[in-house]
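What follows is a pair of complexes built around subunit A, which joins subunit B in one and subunit C in the other.
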Partner chain A sequence: MHGARLTLLTLFLPLLWLPHAARAQDVVIIVNASSHIRSLTRNQVIDIFMGRFRQLPSGATALPIDVADTALRQTFYARLVHKSLPEIGSYWARLVFSGEASPPFQAPDTRTALKLVATNPDAIAYCYRSDVTGRGVRIVLDLER
Partner chain B sequence: MISSVDRLLRLVSRLAPQSVVARTTLAIFALSLVLGVAFTMAAASLVHHHEYERLQSELEQLVATVESTTQVACYLDDRTLAQQVVAGLMKTDAVGGVRIMAGNSVLYQSMRPGIARRGKRLAEINRAIASPFDPSRQVGSMTLYLSPEQLRAHAWSYTRFILLILAGEVAAVSGGVALTVFLVVTRPIKGISDELHRLRQRTGPSLRVPAGNEGDEIGRLVADVNSLVASLNELVEAERSLRIQHEVFERQMRLVLEKTALGICIMDEHGVLQSWNPAFLRLLALPALGGGAAQTLQQILEPHAAEVGEMISRCRADGKPCEADFEVWREAQAAGAWIDLSLNRLGPQLLLGVIDDVTERKRSVAAAQQLAMSDPLTGLLNRRGLEAAIAHAFSAESASPGTIAMLTIDLDHFKEVNDNFGHEAGDKVLHHVGRVIASAVRRSDLVGRLGGDEFLAVLIGVGPAQQALQIAENIIARLEMPVELPGTVIRVGASIGIAISSGDEDSPAALLRRADAAMYASKQAGRGRARLAEELPQRPAMRSA
Partner chain C sequence: MRERDELRRPRAVRFRILPRVISRLPTLALLLIFAATTAHADALSGSRFTLGAFGTLGAVYQNARGLAYRRNISQGHGARAGELDLGTDSLLGLQVTGDITSDLDAQVQGIVRRNSEGVWRPELARAFARFQPSQAVMVRAGRIGLGVFLLADALDVGYSYLTIRPPVEVYGMLASDEFDGADATLSRRLGDGVGRIRVLGGRLPFETALADGTVTTTDNARIFGITADYLYGNWQTRAALLDIHVPGGSDPVAAALAQTGFPQAVALAGRLNRSPENSYGAEIGATYDGDPLEAALVLVHLNSDYVNGPKFNSAFALLGWRIAQLTPYTTFAMTDSFATTEATGLPPLPVFEPLIAAAQEDETALQTTQRDFALGIRYDFAPHVDIKAQIDRVWLHQSGLIFDYNVPPPGHTSLTVFGVALDFAF
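On to the complex of A and B.
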């Protein structure tokens, strides 16, 4: 009997995982709701996150925020620059000694990131679309699949 | 052009060593050198080109290895990173300079001394640098310059290597050719040449074929030389034996010429004597000829010069041999002689004269003729001799008619002499009569016995008829005188008929008939008288001659 339950659970597992996976693939770029920025291009986002420019179109210095959620982060970089996390790591490692550019500040989780964006008008971060709930942030780019 | 090349070749050949080996080696060496230089020059250019491409591809690879870092440097405008990249690249010798551009400005560049000045002419590699995150987005560019010194040094080291190999090959090939020529050509030929040099003609041995050359051109050369020498020897031998034969033949011919009884001479087309044999001088009783002016056959046979000259020109003209007899006077022997001269044409301008002594033959012929024509009893001409002599006289005298008188003399009563005193006495009487008649006429006149007691006298060149009559009467008068024989005296008489030729129409036979008729007339008239035929009444002849 116990075995039959286990088998049933195994059968339903994919059903339980699928909605979550579909939701996880929608990654969006968010900024402070009070920002003048209505939208950003993909290249603008790349330049900001990969250290080329830290200036927003408004003239203010942008503050990119990385999220320490591995799955989200992995999806984000894969969608943005088609690179894996080790590649991103090696990219920043190469720049350690030249000092011209530095990696973005890293928030411990999505919630912190969302809070930082909502409180800092220059902050820019990413999250699953489903995580964008409260007011205070604005989606400026949807990294589609 | 040709002549100058010729002159150059001649100069070279004069300067070149005499040994075939040295010359061949020198030629091959020079050729190899020239070819080597040409090949090296071609190779140098090729090597330079190849080396350029090789360096270029090397640099391309070098660029590829630093590309990702350069992408980042350009993307981030990271001068430090660019400097690191450039410093790394400059560690390679082949790199003459590097420039990294971010956007439109130079991010970092480094040039080796002397590079920048040359500008565009330098070989360079340009590479567009894309963003590390978007290959379609160009964020900068990188330019690498090739170091020309490096390129040249590399090319030169390769060229030097090729040169070294070529030089080695030239030396090896030249040496090999020298050795081959020496072994294959010169040594055998020199051997043959030395042997040929020592070879004594006719006595020397044949040449030996050098070992290993039996089947090739040198072997054939030796065989040909041997057969040539052999055939030369045979030729010389044959020549010698031929010469000996010729000498023997010549000696024999000379002997024959000297010993023959025939006089032989060779003369030119004008009769000028060129050579002769001893018999020629002997037969013509000549002193040794030669020295002084050339003598002609005509001069030697002086009295017959015209005939001899005619013979020579006839023989010369038709080339047929001609022959004639001549009487010559031999001073030394004070005697006449007859020679037979025959001429043969030897060539267009040479004649052969052969002289034979025919004196004896002529004499015996003359004697036989004499015998046939004379009457043995009286020593006068017989009938045949008379006919021949008359014919001759008529042909000689035909130009002056009326000058020949024919006297037919018939003895009267001669039959009685034979009957009474015998034939011996008769013969003596006839002999006496012949002498009487002969003494009564001139020596040039003809006297003969026609047969029996009938005589004939032919007076040549006689005067008027009267003179002939007088001679006839003189003969009659002398014949009527008694003939004294031993033991007896005989008397005979004679009747004579005379006919005198009266012109061209007179033939000897007609004349004789007329004389005969006159003689019969005088007999009928009483014997002991002479009658002229012209005084007889015309009547047919009773006798024919």
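On to the complex of A and C.
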């Protein structure tokens, strides 16, 4: 009887971790911790990353940072604007070759993106919630909510 | 001192200087690109130079004998029946952008394509300096993309849009995609979206190719335009106004009509030679660019205050539905000419017949009444590369777009156009 309870507990234990695991994979928008920005709306983030209007609520020009990690990038744009990476490429081809806007700076990985945000007051980037461990950045939007 | 000298110059001289300044703006942009070589990069800007390339390898086949299908009115050659034509949609573009300061950069773009004379030649498509002191203001000067109509920001970059070519009934009527001058764009947050106003002005050099092989080059046209956009989520809406001013020019047919001495012919000659010539256009449109749905609706009205100028109502609608890497789409495009031809008043004598025919051709050369229903599919099979296949069914009554070599012209006719294209942009 005792053994059966233990087996059941072992089976259901991972389920207790699921919400936490899902939250860890949430894509969040981060800014510099010293910034006065407490939150951003989804449309403000769309305007910044899609090159429409890169102004932070403080009035400063935002410096958006893309991450080269394909899986993260794919998830970010799917959740932000419901677009796949080829569609994003097509979108930027129109703006870049017409000289209307430039795409975000591309960091090679999440660690570099976090470092750039932590050292630049107007930088803004995205990452998984589980990657936000240091003190230099602040979460201003969770794309899952 | 120089300013005082400038003020002493007669007004007419100052007006002659302005076109010279405008014509040198692309050169200025090239110099700024070289200036960027001496600038220093900061941590977030990366390299001072960005190189880009785009292109399309496209093949077109159509089935109507005596007709030649064109992408726009500046193309001197079209796709003839039974021939696989590689020149209608194919091109190669290279671009370099150089950052000079954090607010100032310059862009130069060259394109190789089949020109109005049917020869493959490189041309300078863009060369401008861009000054953006804040997100609210952007000013550009040099050779700039016209981009007045919605989705027409980068007409040459096939990878940037869904179809093989922008619907010719709307975008093919534009003889030029660039102008030499300046534009200013003001943006601000409006509600939860972004409002944007763009004002542009300058010289609009363009070429119009005719079926008989002649190419009309206009160097002295001036353009002024204003667009207002509202961008919200996946939506973009636009209203635009455009004015094109062609100062003078003589029409050989008008000269011949005037010499006949017939009052009606002389009056028509006066209207054909009207100087200056103004054309003006208006556009409203909306696009939804989401996933899986992509949709667009654009309405254009173009009118002229001279007899043989462009007079159209045009429209197009697009629907695309993305399924993984495939996007099937359909478009409907139309242009209806509302121009009326004026009779010469010449008696129907054999001696006048060539002149009567020439006058009628002169009046209707740019008029187009044409419809197009297209089905196509885009396949994004690799990053930055796509392949497309498209079938267009085109009905036309008269067309300044499609060359008609039939004698006599058949009037109402139709054709089916098959196209495949490989696009890339890096």
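What to note about this one:
The rule is short, and it goes like this: the second predicted complex is superposed on the first by the 119 of 145 C-alpha atoms of A that agree within 3 Å, B and C clash if a C-alpha of one lies under 4 Å from a C-alpha of the other, contacts with A are read in each partner's own complex, and residues count from 1 in each chain.
We adopt the following convention: a residue touches a chain if its C-beta (ideal position, glycine included) is under 8 Å from a C-beta of that chain, and two chains touch if they have at least 3 such contacts.
A quick note: this is a predicted structure, and the numbers were derived from the prediction, not measured.
Considered on the superposed subunit A, subunit B and subunit C are sterically incompatible, since they clash. After overlaying the two complexes on the shared chain, residue contacts for A:N120 are found with subunit C alone; subunit B is out of touch. Of the two partner chains placed by the overlay, only subunit C lies in contact with A:T41; subunit B stays clear of it. Of the two partner chains placed around the shared chain by superposition, subunit C is the only one that A:G89 touches, whereas subunit B remains out of contact. Legend: residue contacts after superposition of the two complexes on their common chain; A:F105 is shown touching subunit C, with no touch to subunit B. Legend: residue contacts after superposition of the two complexes on their common chain; A:L63 is shown touching subunit C, with no touch to subunit B. Contacts of A:F97 after superposition: both subunit B and subunit C are touched. Taking subunit A as the reference chain, the count of touched residues is higher for C when subunit B and subunit C are set side by side.
By the touch criterion defined above, A:G51 reaches subunit B but does not reach subunit C. Only one of the stretches 111-119, 165-173 or 381-389 belonging to subunit B has C-alpha atoms clashing with subunit C in the superposition, and it is 111-119. Taken together, the two structures place residues 43, 46, 52, 81-83, 91, 94-95, 97-100 of subunit A in contact with subunit B in one case and with subunit C in the other. Per the touch definition, subunit C reaches subunit A in the complex via residues 43-46, 50, 52, 54, 93, 95, 97, 107, 109, 126, 128, 130, 134-136, 140, 144-145, 147, 153-154, 156-157, 159-161, 187-189, 192-194, 231-234, 289-291, 322, 325, 380, 383-384, 386, 425. Residues 41, 43, 46-47, 52-55, 61, 63, 65, 78, 81-87, 89-91, 93-100, 102, 105, 116, 119-120, 123 of subunit A are the ones that touch subunit C when the two sit in their complex. Interface residues of subunit B, counted against subunit A in their complex, comprise 69, 72, 75-81, 84, 131-134, 137.
Subunit A meets subunit B in the complex at residues 43, 46, 50-52, 80-83, 91, 94-95, 97-101.
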